[in-house]
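Two complexes come next, and they have one chain in common, chain A, joined by chain B in the first and chain C in the second.
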Partner chain A sequence: MPKTALKRVEEVVVNNKSGLHARISTMLAKTAMAFSSQILVHKQRDRKTADARSVLELLSLGAAKEDRIRIEAAGEDADQAMDAILELFTVRFKELDDEELD
Partner chain B sequence: MKSFQGIAVSPGIAISQAFVLAAEGVRIPLQYVQGNALDAEVARFKKAVAEAQEEVIASRDSITDAIGRKYGDIFEAHFQILNDPKLILEIESLIREFRHTAEYAVSETMHKYVAIFRGHDNSYLAARGNDILDIEKRLLQLLLGVRRERLRKLDNPIALLASDLTPSETANLDVDIVKGFATEQGGPGGHTAIIAAALGLPAVVGVGPFLNEVVDGDMIIIDGENGEVIAQPDEETLNRYRRKIEAAQSLAIRLSDSLADQEARTHDRIRVQLLANIEFPFEAPQCFQRGADGIGLFRTEFLYLLQGRDRYVSEEDHFHVYKTVAEAVQGRPITIRTYDLGADKVLDSPTSFDPSSEGKNPALGLRSIRLSLRNVDMFRLQLRAILRASVYGKIRIMFPLIATILELRQAKMILADVKDELLEEGIPFHHAIHVGMMLEVPAAILMIERFVKEVDFFSIGTNDLIQYTLAVDRSNRDVNHLFNSEDPAVLYLVKYAISVANNNGVPISLCGQMSSNPLYTMLLLGLGLRQFSCAPASLTEIKRICGLVEIPECERIADAVMEMESARDIRSFLREKFREVLSAARKAESPDSAFDSEYEMR
Partner chain C sequence: MKFADFILPQAVRAEVKATDKLDVIREMAESLRDAGGIKNDEFEGIFKAIVKREELGSTGIGRGIAVPHTKHVSVEKLVGTVAVSHEGVDFDSLDREKVYLFFLIVSPLDHPSEHLRALEHITRQLKDDVFCKFLKQAKTQDDILTLLKEADDNVFGR
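Moving on to the complex of A and B:
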């Protein structure tokens, strides 16, 4: 890990109708790939972990509405990465939910 | 040495090196990459990923423009999956560490994720498994497409081993390179099989899963007589097959030398018309080297198969083909059958044909004459070309799959209309051109008393007749044991059709696979058939059998057969009679052991 490494951990609750579905996972993976930090997503119910850059691992979590998620970001830009991801969970995912078809 | 049993569909023996071709959408066989080719294999995989990414981005943009971002985002997700670093790494390590092919590594990894998705108690996620399969298919098409491309660039002979081959792929095989083929899927009487026989390619289909037990370069024997595929044969087996090839070659030469210029007659001097079934124009001349009396069936579907996304087959193309064949047959009759397009032939559908309207039962669906009557423009174009060519030879028109009298009248009405059109345009054609129909739907045979007044000739097509009489899909391995030419019900219909046609003086021939098999020759003669339309390769055999038998004897055989209860009884009885005829002939003539052993293989 680089010298200036930071680590941040946050917990969120999945608040979307269909959980971490394809559009949300896609957006999450794209966001994670924009940062150099390693970002892990733990689903607490069954202690599964996904690399946030991997849309397939995110989907494989099968995280549903009301699932508790722990996010860990580690690296130089961990702060910025975490802010961006939290914003997805608190703001953007809800907007997507509203325009969802299914 | 490994041996696999399939269904023999095109006779002959091929001995060559394996070239394995798997299909999209099916489980890819496990195959290994040579150690020094791993970098190239990984590069091939990465190139396919990059191309797939470009494709989905293009889909995303066009769909977003057309119906909105919400829908375009589906492809955004596909792109993100193709861009998933974990996925790429996982597939790459399967290639590098386990030396799997790119195709296998992709398929394995994707199916792993599908299983994970479907394992969740979450219908949304389970449905996403289909997206993964879609991406898998896209990657495999890119990877295998390259391999199919390679097939066209080979310069050493190969035995082609494939999951399945479409009729158009078969028609496009380079017979100088491909010495024979074997497929996991397919059944007897499929069009792939018919084209293989026309090309003279030894072929075995319906082998079942076997591609994971062979690798490129394995020595392969394809035995198109017994339906056997042998990989890595031992020395003894290899020599045995080499001797068979030599014997067959010398037999073919002797038969064609001695029989080509003689008319086909039974031993008691009854004249039999021997006609040939052809698929391609280039086959016509060789039929006459083998002594055919004409072309009993010219299948025209290959013209349709030439039609690609960027190639339109015009009236001139049709006309040119028909004229070429008419001239090649030098005054002998030639029967041109209008398009008999079935579900297994329609690939890149023209806009006028909507494949989504095809039901689950394509054999009972919009095919053959029904498709022609629906696509009148296509049908008229073909009829115009046939009529125009009719001044160059004795051309006859035949409609396939007629089931009702109204269908026949509708087809004839369109023909009359096309004639009027040509007349107005001052284009010459043979006004009294003969028009006939296939008898291959039981309904048409049951009602033949009515049809007999409205056609100039009939031809019995046994493949479809068997399928429709016995309600058996010949490519379904679970039921194809019921698909028997010698089933009593099928023979009852054949007998009835021949007798009604003969009583009314309307010529009738039989152009199904039954007439190409010498086992049935005596039976068919006994039922009153005097026109056989068979595969070019069988002409001399059938002619020889005719020359050995007498009509009263054949009639007794037919009477006995019609009393029997099962296909099995009939087949063993016919085999016995066939052996008797051959052994009597052998005693009478000089010993002809090669000829006899040829039949022992059947």
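Moving on to the complex of A and C:
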């Protein structure tokens, strides 16, 4: 059976108080690396784009609390990748930030 | 934010002596202390806090770059320094490569946006391959300071 390439696009708002800092960007990059799909993270305010696999690029977004982010996942496992990344933005980043260590 | 806003020129080191992760962090924290960026009696606490942060996950973000950092109650404004290692240091980086360029920052509590903007400025410049290459080749404190100044003047980066 031929494999189907999927594309999924979602919008989220950064909801953790410190924004996409180093520890959170590393967690995002590690999650993105677990999938084969290409995942792009766009910061809407100044239209900057990062490859989700690159902590360097994610940090260069300077995405702060309340920033609107558009995520694009493209590839065979785009659906699963997007689910995992949405989970980070909606739940995990906030939990991590509340630990107050970064 | 620009490098000039938080990098202490006298703390910048073109050739770190340290060859392992903890020693690099100590050497950079010492240079920050000697340049007056952090208080002498807070030095050990700040050093330990940076090390503790590394234990949660390395700040070696790949491509030969690390951004060790911490927040600390004793600093009133964000301070930082830059160090270059020509040999490279094993820093448990995400991509397992050695680190050559170090940007250490200490920020006050409750100013997450400043911390984020410093990281944004550092990484935006480091995305430029030419800036990275020149910085790795820097041989003196002046070489680094000139490159930081040029970066602040938008010679590099996008």
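Assume the second predicted complex is superposed on the first by the 97 of 102 C-alpha atoms of A that agree within 3 Å, B and C clash if a C-alpha of one lies under 4 Å from a C-alpha of the other, contacts with A are read in each partner's own complex, and residues count from 1 in each chain.
In the analysis below, contacts are C-beta pairs under 8 Å (C-beta built on N, C-alpha and C of every residue); 3 or more make two chains touch, one makes a residue touch a chain.
Predicted model, so just to flag it, every value in this text is computed and none were measured.
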Quiz item: Since both structures carry chain A, what do chain B and chain C do when superposed there: clash or fit?
Solution: clash
Exercise. Return first, second, both or neither, reflecting whether A:51 touches chain B, chain C, both chains, or no partner chain.
Key: first
Quiz prompt | Partner chain in contact with A:10 - chain B first, chain C second, else both or neither | solution = neither
Exercise. Check the residue A:76 against both partner chains and state whether it touches chain B (first), chain C (second), both, or neither.
Key: neither
Self-check item: Touching both chain C and chain B, counted on chain A across the two superposed complexes
Solution: 18-19, 21-23, 25-26, 29-30, 54-57, 59-60, 62, 64, 101-102
Quiz item: How about chain A: which of its residues touch chain B in the complex?
Solution: 18-19, 21-23, 25-26, 29-30, 33, 51, 53-57, 59-60, 62, 64, 99, 101-102
Self-check item: Residues of chain B that touch chain A when the two form their complex
Solution: 70, 73-74, 76-77, 80-81, 83-87, 113, 116-117, 120, 122, 124-125, 128, 131-132
Quiz item: Hey, which residues of chain A end up touching chain C in the complex?
Solution: 17-23, 25-27, 29-30, 54-57, 59-65, 101-102
Exercise. Can you check the complex and tell me which residues of chain C touch chain A?
Key: 52-53, 56-57, 59, 61-63, 65, 67, 69, 71, 94, 112-113, 115-117, 119-120, 122-124, 126-127
